Amino acid sequence: MFRKVLVAKRGELALRIVCACRELGISSAVAHSQPDAESLAVRLADEAVCIGPAASARSYLSVSAMVTAATMVGADALHPGYGFLSESVSLADACRAAGVVFIGPPPEVLRLLGDKARAREVMREAGLPVLPGTDSFDDPTEGARLARAVGVPLLVKATSGGGGRGLRVVRSMAALGHALETARGEALAAFGDPRLYLERYVDGPRHIEFQILADDTRAIHLGERECTLQRRHQKLLEESPAVGVSEALRGRLGGLVTTAALAAGYRNAGTFEFLVDQSGEPFFIEANARIQVEHPVTEMVTGVDLVKEQIRLAAGQGLSLQQADVHCQGHAIECRINAEQAHTGRPAPGMIRTFIAPGGPGVRVDSHAHAGCMAWPHYDALVAKVIAHGQDRAEAIARMRRALEMLVVEGIETTVPLHLSVLRDSDFLAGRFTTAFLERFCSV
Amino acid sequence: MFRKVLVAKRGELALRIVCACRELGISSAVAHSQPDAESLAVRLADEAVCIGPAASARSYLSVSAMVTAATMVGADALHPGYGFLSESVSLADACRAAGVVFIGPPPEVLRLLGDKARAREVMREAGLPVLPGTDSFDDPTEGARLARAVGVPLLVKATSGGGGRGLRVVRSMAALGHALETARGEALAAFGDPRLYLERYVDGPRHIEFQILADDTRAIHLGERECTLQRRHQKLLEESPAVGVSEALRGRLGGLVTTAALAAGYRNAGTFEFLVDQSGEPFFIEANARIQVEHPVTEMVTGVDLVKEQIRLAAGQGLSLQQADVHCQGHAIECRINAEQAHTGRPAPGMIRTFIAPGGPGVRVDSHAHAGCMAWPHYDALVAKVIAHGQDRAEAIARMRRALEMLVVEGIETTVPLHLSVLRDSDFLAGRFTTAFLERFCSV
Amino acid sequence: MDTDDIDHMVALMERHGLVELEWERDGTRVRLRKPEGAAGTRARAADSGQAQPERILVHAPILGTFYRATGPEGPPCVSVGDRVKRGDVLCIIEAMKLMNEIKAEVDGEILEVFVESGAPVQFGARLFAIRTQPAA
Amino acid sequence: MDTDDIDHMVALMERHGLVELEWERDGTRVRLRKPEGAAGTRARAADSGQAQPERILVHAPILGTFYRATGPEGPPCVSVGDRVKRGDVLCIIEAMKLMNEIKAEVDGEILEVFVESGAPVQFGARLFAIRTQPAA
């Protein structure tokens, strides 16, 4: 097992990784930017190292800074969290060169999955249902040509994309040119890679994803998560199990994703995302080679500690459980509490004057917030993740409602009022929603 | 179902009851003393009513104030929590007279179980193994006479006792007189009832207790809790399942307690306490007719919300589950975080400057504490309950350790350092301990 | 403005030997001045003359239902303008069918009655304002 | 109202031998006065005169390993007492085998070197103190 892990991540997930390290008896060192020097993760980790200024490009997105920090503190492994460099081939390569274990899949897999268009092709060959689409292209003119075969409505997506950036829905060929141009600019700015690809657009879909774990010889899945509730392609509320997934569909897709993962040489934890169209047909869209923000809902229903599993797998230990050991108990929901105006989504950074997390049965709060801390404007708006588990969906919803009603955050605006509206909505309660659902609660 | 519940309790359990009410769609009104006017329970409940000054005798221990408060706010039920009036026959009687449902067993059962000596007799008749002992007596001279039949070592216990008050170990007949006098004084002061009884003293025992739930026709048990780690008869760390209880013993005792509970006309939630001697023989000592401080460990392993069950049962709904539905998953541990000097147990009330609760998988924190709140000297020292759940005892311990290491409490001293010492002790890790175990960590 | 603040400022003046202190914030302005000769001597403003009448509040010593009269048909025990003596019954608070007489603890005149008869009162609720009438 | 502020102001008055101090900011106004006779007891001469050389700190602009020389065998780029000009190389910070030259941003004299050659430095660590030499 590792002796020391560099935590190459900030916020609630940095704390989450520190938790896992401590439970495994591993020392943790948090790499942090200057404004994060006072953060809870820095305070509670065994060690901390300041790697750069507020700007992510010179701190959390700097491969050189991360690898130097890992070497400097004598870490034998690095956990990249999600976002930032979590799926960076350069970081995985640099770690390998420096003799530091990158806690995630090998660089080859990151390279494959990072090219969303190629990944889709590989997964199609491995037996997953995929949407009609194109290869990657750099030149918008080439994109316009390829678009004719796909037809509208279509989706313009960034080859190295994620988090909704570089993503455009195109409903008429007339709008295609502008969409290609803006998506290209966004992709270049966000990922340093201007390449795009096109995909058939599914109207009114649900968004589900399967959690997998893989060692050198086996892959298992831990059921799916429903991530349909999104605002501008940012997930806001996730649950497990998904409302619309039958036991039969779960078994079929679970089997397909584990087979595909093995075929692609996948290792460690990962997520396979699907759109489910209105007839219930699932289509693979992408695989995420990292721990996800919403991993706690899977932890709550399965009892499996995904971050500890990631570390164990990276250390060369085989999977600690078989597919038959995975039992999903009850229902879990996660609400992302962002420093945002609830109904517009406008960022609302500032000083958190009061932060009192709810307790009681079936409630988990993953957060780096506390009274007197800052929600910085430099980084994403996530302040806390509240996760509620119940014996069934109704209990989980009731529990989440009371947890949010009893969460005290003062000093900044948050998404709590939006979540409470959703949790009382009759369509949500009945499980009737698509990715467009949140629009009715949001004004821009 | 009830419309409104009066919460006749303060601190973390008041919040816990508010949680349960909200999940059931019931309005909650917290009855509070003057210094508790700013408490979190008051802030987060639907309503609050100030019932008296700091002194418990005129607030939390006043039957008249509680029933008046219930009537005043229009509550149709009252939850007494633990401690204070939770097992008060007068309160249960007064509630009945006022048409308010007392959430707990009927007054007749409280009366029976409140008389510890009589309860022991009834339970012996119902088939439970009990220790040799005496009936209640008021007169110390009578006590001295009865003691001869029991022999030393023996235990002097308060008939209406609880929480270690009015309790004395007597190892020689010469010490008996003094022990009877002081126990009598303490019992009178603490419970308004000077009566005592005697019981054979078991050297180096373990302390376990079974959680039961009963409706009008059925009783089930939810496994046991290990409560052996005590300081001056105050539990500090509890776990479930108990280390020394085999599946066979669990089945046998579980069957016996449910039979005995039905025989005694027990209703609602309750706890049957046993001493297990060094040969593994269990002896019933008393039944507690209330929710216990340590109920969360049972909730963590069974997934059953005990406080919601209490409310449902009191509302006349039958048990929501069968014995066969109860599955204990993994292992849970609770550490009581008290405002005390860790190794002496001396109370350390004061202002809590910082309070940051740990999150992450398998950790629950039930607390009314927050930055800027007071740990009052008027009431018990409990500031927070940290509960950790893992797939086995080793994971639960590792998780508890990291949870306590990542709990930030500033401004007051707490029992955290004591717990961390225990959680690293090789005898504790091996499950080798008796009720005397904590002595080695404590200095007075 | 809070009396404590003034006490506090005077203590500061004494500590530092000031003869004048002026302080203003959020529309509040305070100016304190001591006689020049008084600096550092800890001189205190002498009480001028005798004790003044004081407005005191009577709070509910228990929670329950407030009644202004001792019986259902009776007149109020006290009304605004009434003179009361220490020990006079001011009102009744009923809790669990027990009628608790609430008595005056000072001599004085009833200035205000804050609660309607028949209304529930929490512990500590304001019931009456009394202007004290010192025996002197 | 903050006691510390007043204490602080009185200390200022004493240091400078003031008998009166008035201070106003953001709607807060404070005025303090001492008896006339108290002046001068602790008065100190105020410095006056021209712009002074300034002590500035050079911080690590990246994290990595600090080297005082540009090559393994070379002499230190700078030592205490050396005069440097803006743009002179002060040291090297190595990160991932890249040698980053850290240059002076002012003219001045090296007062202090805080880090041993070969030691790791975090982002923002203090490397040097320089006394500026204004062109004037």
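Should a chain be cited, it is by its letter among A, B, C and D, assigned in written order, with residues numbered from 1 in that chain.
Criterion: contacts are C-beta pairs under 8 Å (C-beta built on N, C-alpha and C of every residue); 3 or more make two chains touch, one makes a residue touch a chain.
Owing to the predicted nature of the structure, the values given are computational and were not obtained by experimental measurement.
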Along the shortest chain of touching chains, how many steps lie between chain B and chain D? 2
Farthest chain from chain D, going by mean C-alpha coordinates, please. B
How big is the gap, in whole Å, between where the Cα atoms of chain A centre and where those of chain B centre? 42
Cα centre of chain A to Cα centre of chain D, whole Å, reads 44
Give, as an integer number of Å, the spacing between the C-alpha centres of chain D and chain C. 56
Going through chain D residue by residue, note those that touch at least 2 other chains and give them in order. none
Going through chain B residue by residue, note those that touch at least 2 other chains and give them in order. none
Considering only which chains touch which, label the overall pattern as line, ring, star, complete or other. ring
Among the chains present, which pairs are found to touch? A-B, A-D, B-C, C-D
Flag every residue of chain C that touches chain D in the complex, lowest number first. 5, 8-9, 12, 16-27, 29, 31, 36, 39-40
Which chain D residues qualify as touching chain A in the complex? 62-65, 95-96, 98, 120, 122-125
Which bits of chain B are touching chain C when the two form their complex? 33-34, 49-53, 58-59, 63-65, 67-69, 72, 94, 98
Within the complex, which stretch of chain D touches chain C? 1, 3, 6-7, 10, 20, 22, 24, 27-36, 38
Partner chain B, residues of chain A touching it in the complex: 12, 15-16, 18-20, 22-25, 40, 43-44, 296, 299-300, 303, 305, 329-330, 354, 356-367, 370-372, 391, 395, 398-399, 401-402, 405-406, 408
